[in-house]
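So, here's a batch of structures to check.
Look at the two complexes coming up: chain A is in both, with chain B in one and chain C in the other.
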Partner chain A sequence: MKMLSTYRKEMKIAMRGFYFYIEIFIAVVMLLILLVAIKENPDSKQREYVFYDARPEVVELLFAKYIDEGKIVPAADTEIVMKPASFAVKNRDTGSTVSYSFDSAKTIMARTMREIDVDDGRIKKTIFLLDTEEDVLRLSHSSGQVGAIVSLGDRGTFSYRYILQGYETERLTNLLYVYNARSVDVLEQEMDRQAVRELGSTERLNARESAVPALITFAGSLMGFFIVMSYLFLDKDQGVIRALAVTPATVWMYLLSKTMVIMTTVLISSSIVVIPVMGLKPNYLLFYPFLLATTFAFAAIGLLVASFFDSMSKSFGVLYLLMIAFMLPGFSYFIGSFDPVWLRFFPTYPILYVFKMIMLGKPDVPYVLTASAGFLVGGLAVLAIANEKFKKTLTV
Partner chain B sequence: MIAKILRIFRRDALVATRDSMLILIIAMPIALAVGILLFAPGITDSSVRIGLLKDDGAEHIAFMENYAQVELFGSVQELERRVNKRDEIAGMVFMDPGYEIIVQGDEDPGLLNYAKFLNSLFTLGITREDATAQMLSFEKTVPPLKTKLVNMLILMMIMLAGMIISLGIVEEKADNTINAINVTPVSQNGFIVGKSLLGVVSTLGSIVVSLLILGYRDIDWLMILLVGLTSMMLTFIVGFLQGLGSDDVIAAAAGVKMTMLPIAGSIAGYELLAERWQWTMYWSPFYWAYKANDLILSKRADWPTVLVCVGLVLGISMLIFIMAMPKIRKGLS
Partner chain C sequence: MITVRNLSHSYSKDGKMAVNDISFEIERGETFGFLGPSGAGKSTTQGVLTGLLKLQKGEVTVAGYDLNKVRNERFNKIGVSFEQSNVYSKLTALENLKYFADLFDVPTRDPHELLALVGLEGREKDRAGSFSKGMKHRLTFARSMINRPELWFLDEPTTGLDPAIAATIKDIIKEEKAKGTTTFLTTHNMYIADELCDRVAFIIDGEIRLIDTPRNLKQRFGQKLIEVEYIADSRPVKETLKTIDDGDRRKLAGIVTSYDIVTMHSKEATLEEIFIQVTGRGLL
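This part shows the complex of A and B:
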């Protein structure tokens, strides 16, 4: 009962303050960004600059097949401005290096093609057909994008010169070497013959939905860590902590009520983002317990960190470093093939994974419940340590 | 006047040394730079992963290693467990007459296509020796992802300086030292400049050291310092506004979160928005700072473009400063 009244009092104070509404405002802004700026299937920004050293009829014939199949869509010509530049190009196969210097700017109208993903209609890449080899080199150099010079040989076969930036991995370079070693038709036929076995669900989150687990992890759960510290130092500055000593509330109740305020705020702000974007897809019965357990755990870590310092600015270094460390699994989340073992030890790593699982709507229920219990128990343990520290220091 | 400003700078530096704030401002970005240095190679080598069995043919394993990161497993069950993990990896197991590709099902379609493509190359017996392609290279050494991380680090350093100003002022308000300034010969402008000087010097120093650690030695330093200095101006104005407008640390913390929004939004906008939607970010000075840094760090910058970016950062910053000046003065009074 005492706990509930302490929580009610803390909640009233929080709602009188500026921060609570900022949190709601930011959640609304994030929602608008997700709904307006992030497309479900965004077009790729990849560009490719190509020069075909062949008769125009040959180039037309080459593209006609893909245009008919709907894989390539011609677009309006694009005006491209090339700035003065100088650079050297090394032919890795012959070892020769050629230097180029272009003293003046040049404007061209490039014939533009868009490669389309036939499954979802999004643009996979934009291809610019250029008139000279030098234009390809200039644009590839200035933009850092892929370039290719394709020549038609005497026997009617194409030979390719790819333009690398220099930092590409050896594996990618090896792939480019063999990429056009056989005709596309032969390769496509062989690819269609490949046997594929899927182990689980084929359901994927689209680009907009994919952002949701990251937003609720970093702007939701993790924020509790930062905000609970701010609340605590505010109370210290205002002398509320000293007043606590003459009330029947214990330090434990005080700390718990602070974390409950954070949990309520995160619950509201996360719902603002999740419900409109995901609709009925997620399993909310698993989502909310997991959200609350993780927010509680981070708030407890925040309280423990705060117990070592007596002002916000002194704790700022540790706070900042921990926040950045906790955000590192975000790289692994967005770059699927980047998943070093050491990253799995960060608490935000399983959080992102579980939120994604919940958003997909078919979560591994025992796993999610175990993870929720793990964060809850872990959070309680950390809170107990923080409580002991605060009790000893008396001043909180 | 300059002597008084320098006195405030010295006082701040002294106070900062006492509560390790200066060490934090300088050490933190450098620690992050070292982190990126250790972290970036892993990210740039993020080619496709293929899982094979240990008793798979040596020829097949060697072939796949040419094009993908290969992981070997003792049994099909072990391989399937690996495929079922969170990251993206495709397995390949020989099932007479050919290889079967095993995927989880929810991966990026590119992974399955890549695995199919590699297996097709192997089935058709295509090797590098068959290739007629040639590779031309500009021999650039810095991958774009590293440049993006470094660019974010620079903005983070600038933001850190703003946050520290904001929190410093809130604490000065709590200690009532702000009012004391009004009875000293230091003008309000002098106080603002003096109070910002520590952040400017330490942040610029940290930017330079971090870039040196990260191997960006041959960039145009004048350009990078110019962009850093101008974008820092804006952060300081925001830092002052937040500090003076906030009565307590919780309000300052809320302000910090508000500042993170345009910074993160500018980076995301620059990186993710299609060319035709880039204009929607033109209002943000952080967008122009990020763009300028991106061009400078990737050595694609020219003075006219950098000056336009710097001019826009400066112009928007000045506009905000002029609009905020009455509030800053009121806050200091």
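This part shows the complex of A and C:
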């Protein structure tokens, strides 16, 4: 009962202040950016080097048909410089290896086409039409992109030979086989055989969707961490904490009600972003408990930090450093190759990855539940320390 | 209602005491004045008694609860009005009182009635943030009565208020006294103390110098004074003379026989004058 009216009072105060509306406003802006400015699937930077082993009229005819169908759009010719190079190519089917060595640089003007996705109009890849098979090999080697040699077979059928880098996923290779390959040449490049991070799940969240976990982590939990501090300092300014301390209500209840207000706000602002963008894809039964648990933990951290200071301005240095620290895992999230071990100890690191997991709709349920429980228990512990701290810093 | 035995309190570890080994008792229904200059330790004492400050040393019972064992439920019997008003500025006057009423486990007073009592009728729906300093103070004061406290702590209840409002507050305190409420009143203002308190304690530098009723104090320390104004060499002269001092008495007799008297009053010593006499220091 006391808890309920304290919560109602805190909500009233929150809704009469501007932070609440800022959160909602930010959520709406994020939603608009996601829906309007970020394409679900942005233009691909993928390039393909192709040599058609056929008479030019046949190739022209073929492209005229593709352009007619809207699958291909011609672009201005591209000047390409090829450097001297030497490498070996191994045929996957036969196992035979052919070595190539090019001693001089070569500059060509390549006809350029863009392959368009007929459904959404985005560019799927840029195709360079080259004049010789060797140019395809050289460019595929130097750029690390796919090369293809297309020959017109006997009964008007095409046969494809793909030049791959040797580290493509098995899936892609098989796909090429199944679709159209008669024989696939694999460009083996021992020195380039770098480990490629398997972003298994990224493949299934489109560009718009993959921004969502970061937005809810940073605009949700982190914002809550900041806002709970400002709420607390407002109360400190007004001296109401002392007034509450001489009632049967406890400091604990007071702090808990603050975290509940933040949880409510984050619940609303996150839903504004998540539901329209993700639809029914995420598992909401896991999403909300995890969202609330993490928000609670961050609000508790905010309260603990606030307990060490008597004004927002004095706490600013620490607040700023913590905000930066909590944002660091975002780099790892967006830049896959940046993933140092120490980053995993930042609380926002697991949050980002669990949200991503949930957004994909195929979360590891026990893991998410354990993580939620972990944040809840951790939050309670932090809040308990803050509670003791507050009891001591109340003054007359 | 309150017993304090050898209470000491320090804000630092260097042995500097804000309150040093004080003892006193307050009876049920009594209005007890705690008087002293700034920095004497009044608010510190009230802080310990209300539980805002942790009891460091001494035996203290408040409203039947031993402060060494912290029980939040004791606040059901206690009301506290703060020197600096502290209300939720984003809530209306009414919401402020209603919310606090919800925090108690005992029957509470009607917020409307309380607001009317302190002269805030018609302003119930206004946010406390829009209130003047005096209005906020009255709201803080009204809030301290919400749970019908048996024991009431008032820190400077009339300081900084306009005289009419101060008079209203004084009347409310008297009314509560008539109902049997025990009051612990902290103040600089000797007139308020004189008028409202059954007993007063003089505190200075963290120590209590004496505790007595205002009446006894005046009998023990106060002397009757005569204030006389007369014309000497066509100029008005004003003098205050003690009736118990032989020299002063002779001087007075001389004045009366030799000069034209303009005015002559007898005057009682004020608590303030007694305070100065006892402690050797003023109240401000």
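Quick note on the criterion: the second predicted complex is superposed on the first by the 236 of 396 C-alpha atoms of A that agree within 3 Å, B and C clash if a C-alpha of one lies under 4 Å from a C-alpha of the other, contacts with A are read in each partner's own complex, and residues count from 1 in each chain.
Keep in mind that, in the parts below, contacts are C-beta pairs under 8 Å (C-beta built on N, C-alpha and C of every residue); 3 or more make two chains touch, one makes a residue touch a chain.
This one's a predicted model, so the numbers in the text were calculated from it and none came from an experiment.
Once the two complexes are laid over each other on the shared chain, residue contacts for A:62 go to neither chain B nor chain C.
Of the two partner chains, chain B is the only one that A:91 touches; chain C does not reach it.
Touch criterion not met for A:11: it reaches neither chain B nor chain C.
Put chain B and chain C next to each other and count what each touches on chain A; the higher total goes to B. When the shared chain is aligned, chain C comes close enough to touch A:392, but chain B does not.
Contacts of A:360 after superposition: chain B is touched, whereas chain C is not reached. Of the two partner chains, chain C is the only one touched by A:243; chain B is not. Shared-chain residue A:73: touches no atom of chain B or chain C. Where the contact sets of chain A with chain B and with chain C meet, they give residues 17, 238.
Partner chain B is touched in their complex by these residues of chain A: 17-19, 22-23, 26, 29, 33, 37-38, 42-43, 45, 83-84, 87-94, 119, 137, 140-142, 144, 149, 157, 159-167, 169, 171-182, 186-187, 190-191, 193-204, 223, 226-227, 230-231, 233-234, 237-238, 311-314, 316-317, 320-321, 324, 328, 331-332, 335-340, 353, 360. Of all residues in chain C, those touching chain A in their complex are 43-44, 46-47, 50-54, 72-73, 75-76, 78, 80, 82, 84-91, 95, 99-100, 102-105, 127, 140, 143. By the touch criterion given at the top, residues 19-21, 23-24, 27-28, 31-32, 39, 42-49, 66-69, 80, 83-84, 86-89, 95, 98-109, 111-113, 116-117, 119-121, 123-124, 126-128, 130-144, 160, 163-164, 167-168, 170-171, 174, 248-254, 257-258, 261, 265, 269, 272-275, 277, 280, 298, 300, 302 of chain B touch chain A in their complex. Against chain C, in their complex, chain A makes its touches with residues 1-2, 5-6, 9, 12-13, 16-17, 238-240, 242-250, 392, 394-396.
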